[in-house]
Amino acid sequence: MSNLYRPKLTQLPPDMLTLADYERRAPEFMPHPIFEYIDGGCGDDLTRNSNSSAFDRWQILPQSLQNFSRATTATRWFGQALPHPIALAPVAYQKLVHPQGELASAQAADALGALYCTSTLSSVTLEEIAPQVQQRWFQLYWQGNREQSLQLVRRAEASGYQAIMVTVDVPVNGLRQRPQRAGFQLPAGVRAVNLDTIATPGAQALDPGQSVILHGIMPAAPDWEDIRWLRQQTKLPLLLKGVLNPQDAARARDIGIDGLIVSNHGGRSLDGVASPMQMLAAIRQQCGEEMLLLVDSGVRRGTDVFKALALGANGVLIGRPLMYGLAIAGALGVAHTLKLLLEELEMTMALAGCPTLEEISAERLIKTF
Amino acid sequence: MSNLYRPKLTQLPPDMLTLADYERRAPEFMPHPIFEYIDGGCGDDLTRNSNSSAFDRWQILPQSLQNFSRATTATRWFGQALPHPIALAPVAYQKLVHPQGELASAQAADALGALYCTSTLSSVTLEEIAPQVQQRWFQLYWQGNREQSLQLVRRAEASGYQAIMVTVDVPVNGLRQRPQRAGFQLPAGVRAVNLDTIATPGAQALDPGQSVILHGIMPAAPDWEDIRWLRQQTKLPLLLKGVLNPQDAARARDIGIDGLIVSNHGGRSLDGVASPMQMLAAIRQQCGEEMLLLVDSGVRRGTDVFKALALGANGVLIGRPLMYGLAIAGALGVAHTLKLLLEELEMTMALAGCPTLEEISAERLIKTF
Amino acid sequence: MSNLYRPKLTQLPPDMLTLADYERRAPEFMPHPIFEYIDGGCGDDLTRNSNSSAFDRWQILPQSLQNFSRATTATRWFGQALPHPIALAPVAYQKLVHPQGELASAQAADALGALYCTSTLSSVTLEEIAPQVQQRWFQLYWQGNREQSLQLVRRAEASGYQAIMVTVDVPVNGLRQRPQRAGFQLPAGVRAVNLDTIATPGAQALDPGQSVILHGIMPAAPDWEDIRWLRQQTKLPLLLKGVLNPQDAARARDIGIDGLIVSNHGGRSLDGVASPMQMLAAIRQQCGEEMLLLVDSGVRRGTDVFKALALGANGVLIGRPLMYGLAIAGALGVAHTLKLLLEELEMTMALAGCPTLEEISAERLIKTF
Amino acid sequence: MSNLYRPKLTQLPPDMLTLADYERRAPEFMPHPIFEYIDGGCGDDLTRNSNSSAFDRWQILPQSLQNFSRATTATRWFGQALPHPIALAPVAYQKLVHPQGELASAQAADALGALYCTSTLSSVTLEEIAPQVQQRWFQLYWQGNREQSLQLVRRAEASGYQAIMVTVDVPVNGLRQRPQRAGFQLPAGVRAVNLDTIATPGAQALDPGQSVILHGIMPAAPDWEDIRWLRQQTKLPLLLKGVLNPQDAARARDIGIDGLIVSNHGGRSLDGVASPMQMLAAIRQQCGEEMLLLVDSGVRRGTDVFKALALGANGVLIGRPLMYGLAIAGALGVAHTLKLLLEELEMTMALAGCPTLEEISAERLIKTF
């Protein structure tokens, strides 16, 4: 582990002006295979790359001369007051880039009043993370069966997590060929500590001619019946993470799901899928005004946040930027990353003529021509 | 200041054939941070760059064999006769690139019969500029409150300016990251001299959790009520500069505004906004035939002027090209820049079969395929 | 011949993860003119290149949380059970890249349960190939007249081939300028051995002013009457290979053709023709649900297979990838190539929520934006 | 003049397979300023470049299994039988690249049965060119007034030219900035010899404030009245060259014009105008089936010829390729250029399933996607 971490910055140089600056400098702060693991999408990175360019399909049509005396970025999610709509995504294994891992990023979130999402695959236990940050949700990867999955939910409830998000877009790990080519593997000392007490299901025996993917792995993935069952088990708000399909959104609503993370897992699951920004408006239309919709995958600028809100999102999550901030300057870097994005959002609201989040509507966008 | 200015050209080399030639050579004639300040847009320069490419979305569909016995580029704006529809935009701080600053560019405008727009942020006083040029308008940046703003208008009236244009697209300065990275700051001796007598409003005290942008700066920006008030204060034609939204155009007309500059501030205010050429036709449709519509942001060729007129503009303004002409060859360079653009416009009218500006209509354009 | 073959790999290096890896390394394993012959399309390679990019015009819209207990890639073509829908295209002259030629690739197909298509221009006789592989079809190039063409069909029937596909998109060889520039010619010992017993038609004498192409070559090409006649001669399923036109598809169905290979010959026949993926949906719509539709030309990823099936294909064929696998590692390379593509298809089905081929429908696609 | 000409090839190397090969090698065979004059368009070469890419907006949708027993490329223009629809455009000053100039290219046209168009600005007299080639038309640049223009028409009639085409798209020379930057001027001994006996109109005196372009040059350009008058003066078929506008096409038909060359002068007149291929179908629709429509500007491949015919053209003209063939190998090079293009057209007809020009219809095209 001693070689894993490069010294972190304790002061931010003046040319760290944007999230792109963090991304540009991130390779200096971690071994190449880890950078490939974090930065890479899957397959040919088509979806990873189109996630960002999807935002450019809209331009902003400002409104002049609005009165800003009531201006604010504040919002409420499931009754919780938040100073702004930017949250940290549930990124796995944060100790890959910083010895404090999730503890540091949770502290940064807390400093900015941002929601923190703890991953099932966090490298610090969900119980240790909980006290670091007031606004916290727990991300659940289904653990092969209902009982084991529920164990994690119960632990999250016990630690005061305020909502549960179940990831539904990675029933099998995507073809992450960039880290594979770079020889990535988890370093000693970085592991999914939440699962230390969960029995790993034994590999299923396959008949000749059976497929590892279709017959070995997929049977352990959750289906709609499992989600319907889980909905009965907890009183916490329940979200699905990784929904792109408007029909899935409607189905989720119909079984009592409270919110969705419209996402393609940062382009890390299936290369060639649509981008969240492509589906967002249809999903909002399909699932109605009540459901909480968050977006991730490609958010890098305040104008991106603005566009997501204009198309129907209630907020956004950032994943890779969290890891780059953490790698470069620990909690300071994550907090600065959040602050840069928030200030860009404020700037966009000021210049587009939207004093509040509610006024950020589709009328403020026009298709790029 | 001695290092600020490179020697100017006193003769124009034969390869200065286009505005692009000026742009290409401009970096030789000024320190790098100043070039970045002038040339840069904001954010990722997306809007700055799309301003130019937006013109390429239309091609010209010529009309053959027209009779040119009545041919002319002449026009009238607010009753003033102008020999052509190309004006100089109100660029700030022109002493950044030439010791005479605005005086030289105003003289160049006068030599070509072009309208000159004096900026609130000019580095020579509006009173000194006035005698240099017959056709002159004054650009107003709102000065925190009505009284201070009106002071500037009264001075412009007293100096014989023939119209007032209020900039509405920069209530807060955009994220101009190129000059920021280059370490740009105003050199000693270059300042907004018009404001020497205007009291700078003290910084507003912010509560914890308040936003510098939303709560510190935006309250000093004008709103529609301020503009409605200003409209009552002067008999000069009043224009709004920086309108992109057709609904704003209609609202402006309804409160008695006489003209608009359809502009995104050369891509220097909010990166990701629409381009003037994208909104122009809708704005003309929304505000009717009476209103004077000028366009800036990306005009570099006579065909660009032609296309703007075809989509409903009465004329265009050039900003960066003015600064490059001034930096390279002073008044001579600005005059040559105007002349090149005017000759290209004449060439376009000849080859497209439009003997007068009135005949430049949307029928002469076709969407590029 | 001794210089023709580079030593083959007997173990696959860990960075051979995709069909693109095979393509990238293929030039090391064959003389340059042969690579140009295989890799090249024709003309300016416009169609060759757009074949691949055509797949990118659709993105996948996954369906979440499907139950995979019945998951399988199995299918049936003309009543034959196949474990998956990926077949080897009838590539000519496979001894160009491997001393065993078609024998090795047929064995690889058999190992993976894949259909093998023997070319009229195979460099091993169709009779020798037949015992190597259970699922086998014969590809017919019309041989100048009905009698000679029928000879080949009779031999295929006698050797237990289970279907006949007549190529209709190369009545004259395309302008394959890449191999022409590289000086490609068939090496000694590589020839179309199936035709050893077929009399080459003598060159037709041309009048002055007659065209070699239109009057010398084209009269020997088959027309619809010939196909109608051939349909009467054999009880085997009969397919046309190289159809792009929906009206041709309907006409084929009307005269009793059983299936089509929607193809532009990998962009090797006429540069500038449409891509199979562009025409596929219209062809399926025109010829109805009964006809077997296979697609080739540009299939390189499991997502490509998925998209072809979603638009109406029953399966796909791969051509160049077969040759690269064969050149690099013989039967092992071809088998690995098939396996990579199949696993990518399984991965795509898992992540897109389609447990069976029947569930891969156009609803799982969305036009890329 | 001794330095003007590089030795010509007397045998064509085997890698001269396409018109692009001629273009690629042309710079070796002429001084750089002459290459810039020929190869350049005008302005930023936007239109020059989009002329070629416009062809790529359509792909070919072949028809399989057609009977080719009646196949031919023959056609008739104004009653004249032509073996194929490819003609040589009226390129000026052909002695720029070959000492025999127009004599050599006319001979090449004759050898291939192609129509030859003599330019008003030919560097060999129209009388000397006439005996070299059977199929010949004369291109007229209006000479300031009706009388002088008619002189040229009368000479063409006397020399047996079979039609007159009046160029209407260059009333003033475009901004040809590539040759201007390269210092191009006509070498001694190369001049428009047809005009030796035509009095050059004296420069018109301009008032102050008048425009050289609009008031100095344009009054000498022809208008519709002049064309109507010219139509009365000759019994030869009369065509307009340089029409892009469907309304101009209809107007031409209404005053008895027999044909049009749909062209933007190879992108050499006004940068930013539409491409012929963009307007062709609308022009055919507007002017009806009777009018002869030829296309130039960007034709480089047999598939380009095919696409032009499919959209309504009766044939095509090539300009720059003529000059490159002439520069590289004299009459041999021009003849080879014509032959390459013709064979590509035959190949396209064979592979697209069109035995005759009449069968090349819009149904054989599909918009590129």
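Chains: A, B, C and D, in written order; residue numbering restarts at 1 for each.
Here is the rule we go by: a contact is a pair of C-beta atoms (placed from the backbone, for glycine too) under 8 Å apart; a residue touches a chain by one contact, two chains touch by 3 or more.
Everything numeric here is computed off the predicted structure, so don't read it as measured data.
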**Asked** Are the two sides of the chain B and chain D contact the same residues or different ones, given that same means over half of the numbers occur on both copies?
**Response** different
**Request:** Would you identify the chain whose Cα-based centre sits farthest away from the centre of chain C?
**Result:** B
**Message:** Only C-alpha atoms count here: how many degrees separate chain A from chain B in terms of the superposing rotation, rounded to the nearest 5?
**Reply:** 90
**Length of the line joining the C-alpha centres of chain A and chain C, rounded to whole Å** = 42
**Request:** Just give me the whole-number Å value for how far the CA centre of chain A lies from that of chain D.
**Result:** 60
**Prompt:** Where does chain D touch two or more other chains at once, residue-wise?
**Reply:** none
**Item:** Chain-to-chain touches, reported pairwise for every pair that qualifies
**Value:** A-B, A-C, B-D, C-D
**Prompt:** How about chain B: which of its residues touch chain D in the complex?
**Reply:** 15, 17-18, 20, 56, 59-69, 71-73, 83, 301, 303, 307, 343-344, 346-352, 355, 366, 368-369
**Complete:** Within the complex, chain D is touched by chain C residues 43-44, 46-47, 50, 54, 57, 168-172, 174-175, 177, 180-181, 209, 211-215, 217-219, 221-227, 240, 242-245, 247-248, 269-275, 278-279
